[in-house]
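Scrolling down, you'll hit the structures one after another.
There are two complexes below, and they share chain A, which is joined by chain B in the first and by chain C in the second.
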Partner chain A sequence: MILVALLEVNDLSTHYFLKESRVRAVDNVSFTVERGKMLGLAGESGCGKTTVALSIIRMLPPAGKIITGEILLDNIDLLKKSKEEMRKTRWLDVSYVFQYAMNAFNPVMNVGEQITEVIIEKGGIKSRSIKKEAWKQVRELFEIVGLDPERVKNYPHEFSGGMKQRAIIAMAMACNPKLLIADEPVTALDVIVEKKILNLLKKLQKDFNLGVIFITHDLSVIAESCEEVGIMYAGKLVEVGSATTIFHNGAHPYTKMLIKAFPSILGEKTYIEPLEGIPPDLANPPTGCRFHPRCPLAIDECKKKVPFFKQYSSSRHLVACYRAGEKII
Partner chain B sequence: MGFRRYIIRRAIDSIILLMITVIFNFILFRVMPGDPTTAILGRSGSPVYNPGEYRTRLIERFGLNKAILPFIDKDFQITPDLNTLIDNQFVVYIQKLLVGDLGISFNYFPQEVSYLIFGHRLLNTILLMGLSIVLSFLIAILLGTLASSKFKSKTDMTLIFTTLTSYSTPVFWIGMLIVFFCYGQLGILPYGGSPRIEEYSDLSSWGLDYLYHMIGPLVTLTISFVGAWFLIARDQMLGVFTEDYITTARAKGLKERRVMFVHARKNAMLPMISVLALAMTYLVSGATMTETVFNWNGLGLLTYESVYRQDYPVLQGLLLLVAAVAIISNFIADLIYGLLDPRIRY
Partner chain C sequence: MSTKSEVIFKVKSLKKWFTTRRGLFDSLTGKQEYVRAVDNISFEICKHEVVCMVGESGSGKTTAARLILRLEDPTEGQILYKGNDIAKEKQSELRKLRRHMQMVFQDPYESLDPRMTIFEIVSEPLRVIKICPRSEIPIRVMKALEDVGLIPASDFSIRFPHELSGGQRQRVSIARALILNPEFIIADEPASMLDANTRIEILNLLLDLQVRYKMGILFITHDLAQARYLGHRIIILYLGKIVEQGEVELVIKSPHHPYTKALISNIPVPDPEAKRERIEIEGEIPTAIQLPPGCRFSPRCPYAFERCKEEEPELMMKHGRLSACWLD
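Right after this comes the complex of A and B.
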């Protein structure tokens, strides 16, 4: 029996069609997520991380269209599902923790109500006993994420930022999903709460054998919690591999420069090296490798031909670069 | 606990506001030009045997020779007279107000203002305005939800065009068009008027004729109300659609119906409560123009008459009633806000 990955994204391209231009927000991206593993997607703002995530649950804004690719969840292509089937899949199989913890809850409904409604909806039948059961589940979920179960009937504004984020995670776990997409779940929080939320996510991932896609621009968060890492640049996935490989043996010049741009707490005190230049306009991306205008190693080939993924140090370490592994002077 | 304190605080606010309104209402009609006696004597037209003496008696009868406020005499001059402390027009006004006496109309002399206002006119206006407000409100919300769910579609554009047209059309003109076509050309509606129950043998025949006469003004008012409220309702819904919690609700895979009617509309309707609270004053002020066009005997028509004939006591009474209703309905709206939106209570 061949073990199938939980989520397999193949050759996904998502473009935004604006009035006069076409923004290639995500181009030919492929990756897999295993059960019980956390994949960290990192990259600068606007590199397409969120677009990848929104493509998976098919919740793109009206201008966004998925051009090519397949998204296999347990070997079933989500892109082939009808709208109604997709609606049923959401939250039951894939749940999503949004960037905006503060406004993710409806202010005029209490938190418990917003969690029970999805349990009841996904449970299918509406009856009084189900309602009672749902409330019981919410109390349990609150306990799992470390909230006081007595506060299920509180309104969102009565929660602090960290508590709201916990409640959102409780909501995300409500229907026992297979895959959890966390889009910058800790960006709005301070470092202490951040750490607690990360530990919570980590614990849930292990306890429930959950596949997690963790989106962030903060490499330190990824280093701490993810098994696998994908580095994105300008709509392209440029390098994928295990966290240790990427951090110690990263081969793409962008990966190396990104890591160097983060200060190390334990290492020597040196000046951090900022990444020069700005990311390209995706309505009009550079030819060849999209990183070549900012890349110190760029050669003529980089400007002409798009580099494809190649195995680098191991079968699970893929890099899209002609000059992978070469030293930056 | 929080909610009770909120109610008490709002109630105190409302009472203070009401008192200020009473004072302003009193002063406003004292500083207006013209003497009430002139209005009565000048209007009567008949040669009065001795106008001078008649005027003096009227002034005494109305108490117009008394000081206006403590230490301010009838000509708005400061006076040191201690008697004015209690014996002044304001104290008399408040005393009479507390027992429901709003004075005597000049125009309908010697009928009392309270009789003129709180009678069949009030009923006529409340029935007409209440029905048209409820009707327009429901239509506006329904169309607003429809248009916002089909944003920028043909339906949306058509609705916006229609309602903008009806909103910017003067209401009396809509009324006149209805009279012209439905009465003049087609003859399917009566010319105007509001049937009084006394003139009918039984309740049902009165009710039918009453509703029949109401169609014209009702349609006119609904057309003009829907115009403004539709745009507000649509705008509110669209604003809510871009909120993050709506995205969350959709990502949760809830039925679109639930997202629209439970998550979006509950938030979008909050500002509509203010709109409704403001509209409550129409319940008693009536739509002056519509009532005049259709000769609907309500408070709007009374206002028109009173302004035309400088019937200050009636205007004063009407103004006070409108202000009181405005304050009370805003108080109620605040309570509803507090109930619907848990964030407001604290």
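Right after this comes the complex of A and C.
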């Protein structure tokens, strides 16, 4: 048997069709997620991270259309599934922790009941004591995510931000998915709570051999938790590789400059030179490499031809740049 | 920055206790609970100094900032500015004083009036506090916009906030704060809602303006890395109290208070190989209503001993900085 990756995204392009324009939010993006590994997708806001994720679960807003590509989950193309089949895939195979999801709990229903809804709807418990069984599972889930099982009947307002985030993760784990997509799961949290939620995600990933796509604009969070990293810029994936490779041997000029833009508490204090300009308008993306107008290394070729992924330092380190690895002066 | 330079702000035993809502029974029995948002804090800010106030949400940092500008009335304490006690001044006097102290708010999407043009927003302080003849207003606005990097200024001045990006809006907020040539600015998480690159641009802008106009800045943030990048001195707050205060490099390189240590060791750093000591602390920051006896951090502190649970430590000089902890 050939080992296939848990998730394989090939040549995915998702565009938004607006009244007068077509926004190329995601263009020819390919990556894989292995079982039991965490892939961090990073980039500035508006670079298409969330659109990639929404394409995977096929929950794009009405204007969004997937133009090309395939999304293979366990070698089955999600894009070929009917709406009804896709509905079953969500939660059971892929679950999604939305940005600010912790604020999406229904305030007049207790937290446990909201999780039983998912279990009953998706889990297909057939026994007569369906509710009892679901509640039992909720208690187990609470235990798994580090919440007191006695508090299943609490209402959302009785939980702190970190606890709500744990409950959301419990809900995402309710049907034992293979893939978890977490969209900025720690962005609104304080550092200490943030670290705890990261530890929890790490633990679930190991214990359940879960594949995780972790979306964030904060590279330092990715450095703490992900094995693989994908850097996106203006709807394109510009570099992928292991976390150590990206942070120590990143080859794309954008990757290098993005990493440098984070002030650190370690090492010497240095002045940080920001990257000039702003990300391009994706209704009218620049020709060639989309990064060329801001790139200090850009040459004529960059303006004319779109760079494709090439292996760089190893077979798992891919970079889309003509001047990969060159020093930025 | 040396401690000998001129002190412009002196905050003494500042307190703000908010009352909680009471039920009928409690109001009859006269029982009242308080949220001790800011509980007896004292610090100084010198001329041309950047002081960073760091804490988790709920630690009282924003309340402290609002008190200093008297956007909120303190329960107790003094805020001395050039011999005036801001805590007791009349509104008419405050108006005059506020031209010297301005604030940049956290959310660039909420803090600008969507129906005003950038020119109107930035010129408003000049129209309220008349420090220059009307004819001079346009010149000053253009200069302020150029100072914050909104160039060409004439182009930006006729736009509305919705036409600008988050970073540009935050620049407008800074221009609005600068237009009165203040001596002192409070910046409440001005860069936290922005992307990494825009965040650095805003931090660099503040640094540049601070040096150019010799302003003092009180920079409020939950991000120690930002505090280190910008600040000379740092104040760490926990549940309305200062737990540690000192030179920024000293505190970050060798923190004394266990809470500061925990904060620093939990900050993610952009390096997957970095080996660091981790301090795990229990639970989350509680609400400031029912405070534990003794040190407020003791229930979560991995080093707590008997004395911590009985007696509340005040700020003491420990290895070159102030720390409110019984440990040596």
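Here is the rule we go by: the second predicted complex is superposed on the first by the 323 of 329 C-alpha atoms of A that agree within 3 Å, B and C clash if a C-alpha of one lies under 4 Å from a C-alpha of the other, contacts with A are read in each partner's own complex, and residues count from 1 in each chain.
Note that a contact is a pair of C-beta atoms (placed from the backbone, for glycine too) under 8 Å apart; a residue touches a chain by one contact, two chains touch by 3 or more.
Small disclaimer: the values here were computed from a predicted structure and weren't measured.
With chain A as the common reference for superposition, the partners chain B and chain C occupy compatible, non-clashing space.
Legend: residue contacts after superposition of the two complexes on their common chain; A:Asp183 is shown touching neither chain B nor chain C.
In the superposition on chain A, A:Met59 contacts chain B only, with no contact to chain C. With the two structures brought together on chain A, the opening angle seen from the C-alpha centre of chain A toward chain B and chain C is 70°, to the nearest 10. Using the contact criterion defined above for the overlaid structures, shared-chain residue A:Glu239 touches neither chain B nor chain C, since it reaches no partner. Ranking chain B and chain C by residues of chain A touched puts C first. Legend: residue contacts after superposition of the two complexes on their common chain; A:Glu194 is shown touching chain C, with no touch to chain B. In the superposition on chain A, no contact is made by A:Asp27 with either chain B or chain C. Our summary of the superposed model lists a minimum C-alpha distance of 7 Å between chain B and chain C. Shared contact residues of chain A, touching chain B in one structure and chain C in the other, are absent.
By the touch rule above, chain C contacts chain A in their complex via residues 56-57, 165, 195-201, 203-204, 222, 224-226, 228-229, 249, 252, 262-264, 266-274, 276, 281, 284-285. Here chain A touches chain B in the complex through residues 57, 59, 86-92, 95-96, 98, 100, 103-110, 117-118, 121-122, 155, 157, 171, going by the rule given at the top. Of all the residues in chain A, the ones that touch chain C in their complex are 44-45, 160-163, 190-195, 198, 217-221, 223-224, 243-244, 247-248, 257-259, 261-266, 269, 271-272, 274-275, 278. Against chain A, in their complex, chain B makes its touches with residues 243-245, 247-256, 258, 262-263, 266-267, 270, 340-343.
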